[in-house]
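Each in C-alpha cells, the structures are laid out below.
Each of the two complexes below includes chain A, the first together with chain B, the second together with chain C.
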Partner chain A sequence: MGLASRILETVAQPLLALAIGLAVSALLMAIYGYDPVLAYKALFTGAYGSTYDLMETLAFAVPIMLTGITFAIGVRAGLFNIGAEGQLYMGAIGAVIAGAFLSLPWPLHVLVATLAGMLFGLLWSVGPALLKVFRGVHEVISTIMFNWIAFYLATYLVLYQLAEPGRAEKTYSVLETARYGVLVEGTSLTSVLFVAIAFNIAVNVFLTQTKMGFELRMYGLNPDAARFAGISEKKVIIVSFLIGGLAAGLAGATQVLGRPPTWALYGTLGNVVRLGFEGIGVALIGRNHPIGIIIASLFVGGLRHGGRYMEIEAGIYSELVDAVTGLIIIALAVPEVFEAIKRYRLKRRVAGG
Partner chain B sequence: MRAITAIRMLSIPASFAILLLALSRVGFKIDSLIEASLLAMTPLALAAMGEAINEKGGLVNIGLEGIFLISAAVGVYAAEVFNNGWAGLAAGLAIGAFIGLIFGVLSVYGKADQIIVGIGINIFAIGFVPYFILAEWGVPGIHIPPKEVLVQPIRTPVISISHVTILAIALAFALNYMIKRTPLGLRIRAAGEAPEALDAAGVSIARVRILGAVVSGALTGLGGAFMPLAWFGGIVKEISAGRGFIALAVLVAAGLDPLKALGFAFLFGFAEGLAYVVAFTPGIKEAVPYHLVLMIPYIITLIVVAIFIGRASFPKSIGKPYRRE
Partner chain C sequence: MQPSDKNFVELRNITKVYPDGTVALRGVSLSIRYGEILGLLGENGAGKTTLMKILSGVLQPTTGELLVEGRRVRFRSPADALRHGIGMVHQHFTLVPNFTVLENIILGIERERQGLTGTLSGIDFESHVKRLEKLMEETELKVPLDAEVQKLSLGLRQRTEILKVLYRGVRLLILDEPTTFLTPLEVEELFKVLRNLKSQGKTVIFITHKIKEALEITDRIVVMRGGRVVGEVPTREASPEVLGELMVGKRMELDVLLRARKPRTEGRPVLEVRGLVVKNDLGLEAVRGVSFKVYPGEIYGIAGVEGNGQAELVEAITGLRKPESGEIVIDGVRVSVETPIDVYRMGISHIPGDRDRYGLVLEFTVKENTIIGRQWERSFTRGLALNWRSIARYAWEIIKRFNIVTPGIDAQARALSGGNRQRLVVGRELSKKPRLIVAAHPTRGLDIASTMYIRELLAEYRDKGAAVLLVSADLDEIFQLSDRIAVMYEGRIVAEMPAEKADRRQIGLLMGGYQVASQKA
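Showing the complex of A and B:
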C-alpha cells in the first residue's frame, strides 16, 4: 500500500465516523424541532470562525489532549483505563493546594504547582493499577469506582477544606506566581498549551524511542508473545497507568493554573467535570496516537467551544455535544462499516476492469 | 470442601445479623435500612443477571450505565404520557432492549470492539439525557413527575417492598434454571464457551448472542426506569451514579451466576442503604461528613470485587467476535 493511500485510510475512518455522529445527532435535533443546519453552522463558525474563537477552541483542546493520552496509553498497552476523570479531579486539587498555599517566586511556583497536580493524578492511578496487577480486578470497574470516590472526595475538600472564605462556591484562587501567562489578551488561552503539546510529544518519544515504550506496545499488540519474550506484564500495566495518571493530573492542573478567569476549582467541580470522559473520544478519533490526539483535540475542543454558540443561536443544550462524541466513538468501534465500503469499492474497481 | 463452602455461605447472613444487631443498638432503624437496601439492590440485580446471560453467550456490554440513564429518562417520559407508572417501566424495558439490540447487531454483524461500543453508549447517554430532560421538560438536569405516575410499593406489616423487587428475586431463580437446565441455556453457554461446536450443530450464533444482548438491555432498562419511578421519585441527569459499573462488579464477584448475582446485589444495595441511613440518622449524620458517606458504596464495591474475583469464571470466547475458520 502506498503512503498516500495509507494516510487516506488513517484519516478516512475517523472522518466517516464523524459524519455518522453528526448525522445521527442532526436527527436527534430534528425530532425536537430544532434546525440542524442552523445548529451546525453556529457550532462550526463559533468554533473556528474568528481568531478569538480559535484561541478559545485551543483552550478547550488543552485538557482533553491530555486526558486523551490517559486513555490512549492504556489502549496501547491493551488496557481500558477510563480513570482520567477522577485523576483529573485530584490533579486539580493538587494544583490548588500547591498554587494557593505555597509561596514561591514566579517561574518556580508554576513548575511546583504543575508537578503537584501531576503527582496527585499519578497517586490516584496507583489503586486501579495495583488492583489489576495483584487481584486481576478489571480496570473498567476499578477506575469508575475511583472516579466516583474522587468526585466526592474532591467536592468535600473544595467545600470544607479549601473554600475561599465568603465565597463557598470555589476554592482559594492560586497565587499570581503560580499562573501561566495569558497568550492573547481577552482570551482564556495561556502558555500551558505548550506544556500540554510538549507532554504529548514526550509520550510519543517514549512510545517510539525507548525500550519500555516498545515493550508496552508489544504487550498491547500481543500479550502472549510479549510474555514469551520475557516482558514483565506487571511492569507494563503499572507504567501505563502511571503515565496516564500523570497526563490526567496535568490536565486537572491546566484548568486551575492555566485557565482564566477563576484560577481555582468550583465546588461543583464544574470547570473540570466530563473532561476525562471527553478524552476517550479524543483518543479514539486520534487513533490512540499522541500526535493524532492533538489534532483530534482541536475538533472535540471546537465542539465544546462552538457548542456554546449552538446553545445561544439555535437554542440547543450544548451537552448534546457529548452525545455526538458518543456516537462517533460507537461508529469508530465498528470496523465493518469501513470494511464494507472498501469491499464495495474494490468490487466496483474489479467490475470496471 | 463442601463444609468450607457451607460455612462461607452461612457466614454472610450471620455477619449481616450481627451487624444489624449492632446497628440497632446505636439508634438505626433496621426496617428502613432493609427497605433502602432492597431498593438499591433491585436495579443492580436486574442489570447484573441480564448481563450475566449476555456474557455467558460471549458478548460484554459495559454500556449498562448508559442504558440505566437513558431508560430512566424515557421511563419517566412514558409514565407521564400514559399517566401510568407501569407504562413507564415497560418503556424503560423496551428502550433498554432496543439499545441491547443495537449493541448486539454491531457486535455480532459489525464485529465491533465491544468495550469501545459500551464506552460510546455511556458517553452518548451522558450527553443525551440532559439534552432530553431539557428538550422534554424545559428544565436543566432535573425533573420531578407528578406523584400519580409513580409506582407504589406493596406495604406489608413489616416493610414496604416494590413489585419490581419481587420480580427481580423471582427472575434470579428463573434465569438460573434457564441457563443451567434448559436447551436454550445450553445454547447460550455454548455460544460463549464453544461457538464452533454450536455453529457445527447448525445453530445461529448470531441469533443466540443477540438474544443475550437484548435480554441484558431489557432488564437493565427495567432497572433504569425503576430508579425514578419506584425509588427516587424523580430524575436527575446523573441518576445512575455509577450503578451500571457496580452491576458489572456484582457480575464479576458472582462469576456470572444469576443467584449469586442476586446475593451480591443485595450486599452492594446494603452498602448503599447503610450510606443513606448514616447520612440521615440524627446523632450520626452530624459526626460524619455527608460527602465521605457517599463514597461508601464505591469503596465497598472495590473491596468486595478484590476479595471475590478469584473464583469468577468467564466463557472462553467472551468479547471476541465469532469468525468461521
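Showing the complex of A and C:
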C-alpha cells in the first residue's frame, strides 16, 4: 500500500465518517424542528471554545481514555472484554476506602488511594479471566454478569457501608491528602490527567516493546501461529484481562480522587456509571491503539461536555442530544467495526478451511 | 437395476478460479448416467470437491456449462440444484449439534417454506416423522429421530446427513469422502445403503482418494489430477495399479540430484518415534501405533494422501498435540512436552505447509515475523523488552541469505508473495541451526523457483548433518528429496524402504490403501 493511500485511509476515512455522522444527526434534528447549524455551533464552541471548556472536555476525557484501554487491550488479544463498567465501579470503591479511611501524608496518600483503585479493578477482572481460561466461559457473558454483580455490590457498599452519615446520597469524601490537585482554578480538571496519559503511553510501550506485548498481539492476530510459536494462550488471556482491570480500576479512581467537586461516590453511582461502556466507542474510534485512544477520548469528551450547550443554547432536549452525540460516535466507530468483522470472517474462513 | 447409458447430468468444460487466484479446475468435462454409482478418485487438491460443489450449486463455475437431462441449467444456490434433484453431503459435518435428528433434517425445508419469519408452531412434525419413517424403511438408513445429534456416533451423523439430503427428494446424491470418519464396519453399512439406493434408481457420485473403496462400490471411475480429468474406466476393467498410476501421475523421470546416495542409518537417531498413538479433534485415533527413526544426515520422507494421520503425527512431534500413548525420543531424550517452546528449545525447526495459518502473522511486519517462536531468545531481548535493533539486523540477514523479495523489514508480511512468505518461514526456522527439521508440505502452492529453492535448502541442511522429517502429499517432492520413504495410510506406516528401491507406482498403490504383497512395513 502506497503512502498516499495510507494517509487517505487514516485521515480521510474518519473525516468521511464524521461528515456522515454529522449529516445524519443534522437531519434528525431538522426533523424535530431544531436548527442544526445553531446546535453544532453550540456543540463545538461548547467543547473547545474557551479555556474553561477545554479543561472540562479534558476532564471528561480522562476516565474514557482509560476504559478505552480496557476494551482495546482485549481486542488486541482477540478478546471481547466489556467488563470495564464493573471494574470501574470497584476501582471507585477501592479509591473511596483508601482515600477516606486511611490517614497518610500527601502525596503518598494519593498514590496509595490510586493504587487501591487499580487493585480493586484488577481483582474484579480476575473472575472473567479465570472463567475463560479454565472453564471456557465466553468473556462477553462473564463480563456482563460481573458488571451487574459489581453494580449491586457497589450500590450496597455505598448506601450501607460507606455512606456519609446524614448524607445518604454519597459516600464519605476522600481526605484532602488523597486528592489530585486542580490544574485550573474553577474547572474540574486535575493532575490525574497526566496519570491517565502516562498509563496509555505505558500500555503502548508494553504492546510494542516487550516480549509479552509481542506475544499478546500475535495471539490476537493469529492464535494458531501463536500456539505454534509456543505462546501460552492462558498467559495472554490473563494478562490482557489484568491490564484491562488495572485501566478500568484507575478510571474509577480518577472520578473519586481527581474530579471536583464531589471527591466521593454517589449512591446511584451517578458519577461513574456508563463511563466503562463509553470506553468501547472510544477504543473503536481510536482503532484500539493507546495513542489513538487518547485522541479519540478528547473528541468524545468534547461531545459530552459540549453536548450540554446544545441543550442550553439550541434548546434541544437532552435525550435528543444523547441521540445526536451517540450517532456521531457510532459513525466514527463504524470503520473499525467493519475491520473487526472482516478480521473475524477471515479468521473463521482460515480456521474452517 | 443396471445403470443406463443415458446421461442424467453433463458438465462441459468447467473451469474454476477461486477469488484468491487458485485455479482449481482446468476444463473438466464429465457425464453422469442414470442409476450409476460413479467414483470420483483423486489425490488431495485434485479438484474433486470444487467440481462437485459446482454441480450442487454451492459454487458457480468461472466458465463452462451444466446440463441436466439435456437442458442447460445455471445453479445460483444449493436450493436451485435441489430443485433439479441434485444434493450433496459435504466432507465436513453440517449438522447443528444440539438439535435433534428430526430438527436438523427439517430445518432447511421449513425455513424455505415459511420464510425467515416463520415460527415453530406452524410445523407439522407428525407428518414429517411419518414420511421420514417411510424413507428410512425404504433406504434402510435408520437413525433415531429424537436423539440429539451431538450424542450420536459419527457413523450415525453421517447417516443423518445422507437422510437429510434424500428427504429433499434428490435423485443424484453426491458424497464427498464419506468414509473419512467411519470405522470399517460403518463403511460396510454405508456401502450397503448405497447399493440399496442404487437399486431404487438413485444415482450416486462417490468421492474418494481410496482406490480400494472406489473399486468396491462404484460402477465407473473417473480419476482427477491437478484440476483435470485424467482417466475414466468402468470399474470391472480397472486395476488398482492403473488407478494408482493415474492418480499420482506417471512422471518417472526423477530428479535424483538432490538425493543422497545411500541412506545413513547409523549412529544414534535424532528422532525416534515408538508406538505413537494420537487422537484427532474428533477424538478418533488418527495415528495408530507409528514407529520410525530419523538419523542425522538423512531425509525421511513420509508419503501419503492427506488426512491419514500425518498432520496429527507432526503435531505430536512438535508438541502441539498430546499423544495418547507411545514415545517420542529426540537426541536420546524422551520428551514429554507441554508447549512447542520446549520442543523448539531442543533445536527443532518446524516448517508448516499452511504458512499463513501457522507460520506467519500476516498483519505483522517482516521484522516481527522473523522472531515468531524465537521471541524469548537471548539475542533478541533485553530483560523483558525486545531488542528491536538486533532484531532488525537479524531480519536483514535472513532476507539476504534466503533471497526474500520484500519492500523492507517494516512491510507487512501480507505484502509478500506466497513464495517469499514461505522463504521467510523457512529462513527463520533454518537459521535456528536445527538438529531436526520437521517439514510438512513445505512447498505446497509455491511457484517453481521457490519450490526448487526450498527443496535445495532442505537437501543442503541434510548434507550438513541435520535430520529431516519430510511429510508430503506430493510424490515428486518425496522422490526428489528422500533418502528413505515411508507411506502412511489410515494412521499407520504401511511401508518403509530406501528411496532407491522405491517405485512410484507401488507407492501410489500403498497410498491408496493397497498393501503390496512383497512389501513389509
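One rule holds in what follows: the second predicted complex is superposed on the first by the 309 of 353 C-alpha atoms of A that agree within 3 Å, B and C clash if a C-alpha of one lies under 4 Å from a C-alpha of the other, contacts with A are read in each partner's own complex, and residues count from 1 in each chain.
The definition used in the following text is that a contact is a pair of C-beta atoms (placed from the backbone, for glycine too) under 8 Å apart; a residue touches a chain by one contact, two chains touch by 3 or more.
Here the structure is a predicted model, which is why all the values come from computation and not from measurement.
A.B. asks: By the touch definition at the top of the document, which applies to A:Thr10: first (chain B), second (chain C), both, or neither?
C.D. replies: Neither partner.
A.B. asks: Is A:Tyr152 contacted by the first partner chain B, the second partner chain C, both or neither?
C.D. replies: first
A.B. asks: For A:Ser191, is the partner it touches chain B (first), chain C (second), both, or none of the two (neither)?
C.D. replies: A:Ser191 sits against neither chain B nor chain C.
A.B. asks: Which of the two, chain B or chain C, is in touch with more residues of chain A?
C.D. replies: Result: the larger residue contact count on chain A belongs to B.
A.B. asks: Look at A:Glu319 in the shared chain and tell me whether it touches chain B only, chain C only, both, or neither; answer first, second, both or neither.
C.D. replies: In the superposition, A:Glu319 touches chain B alone.
A.B. asks: Under the stated touch criterion, which partner chain does A:Ile82 make contact with: chain B (first), chain C (second), both, or neither?
C.D. replies: After superposing on A, A:Ile82 lies in contact with chain B but is clear of chain C.
A.B. asks: A:Gln161 in the overlay: touching chain B, chain C, both, or neither? Say first, second, both or neither.
C.D. replies: In the superposition, A:Gln161 contacts neither chain B nor chain C.
A.B. asks: Which holds for A:Ser50: it touches chain B only (first), chain C only (second), both, or neither?
C.D. replies: Neither: A:Ser50 stays clear of chain B and chain C.
A.B. asks: For A:Thr268, is the partner it touches chain B (first), chain C (second), both, or none of the two (neither)?
C.D. replies: So A:Thr268 meets neither chain B nor chain C here.
A.B. asks: Mind sorting out which residues of chain A both chain B and chain C touch, each in its own complex?
C.D. replies: The answer is that chain A has no such residue.
A.B. asks: Can you list the chain A residues touching chain C in their complex?
C.D. replies: 1, 209-212, 214-215, 217-218, 221-222, 224-230, 232, 350
A.B. asks: Quick one: which bits of chain A touch chain B in the complex? Just the residue numbers, please.
C.D. replies: Touch residues, chain A against chain B: 28, 32, 80, 82, 127, 131, 135-138, 140-142, 144-149, 152-153, 155-156, 159-160, 274, 277-278, 280-281, 284, 316-317, 319-330, 332-337.
A.B. asks: Inside the complex, what are the residues of chain B that reach chain A?
C.D. replies: By the definition above, chain B touches chain A via 62, 65-66, 106, 109-117, 119-128, 130-131, 134-135, 140, 241-242, 245-246, 248-249, 252, 289, 291-292, 294-295, 298-299, 301-302, 305-306, 309-310.
A.B. asks: Would you mind writing out the residues of chain C in touch with chain A in their complex?
C.D. replies: Within the complex, chain C contacts chain A at residues 318-320, 339-344, 350, 352, 356-364, 368, 371-373, 375-376, 381, 384-386, 388, 415.
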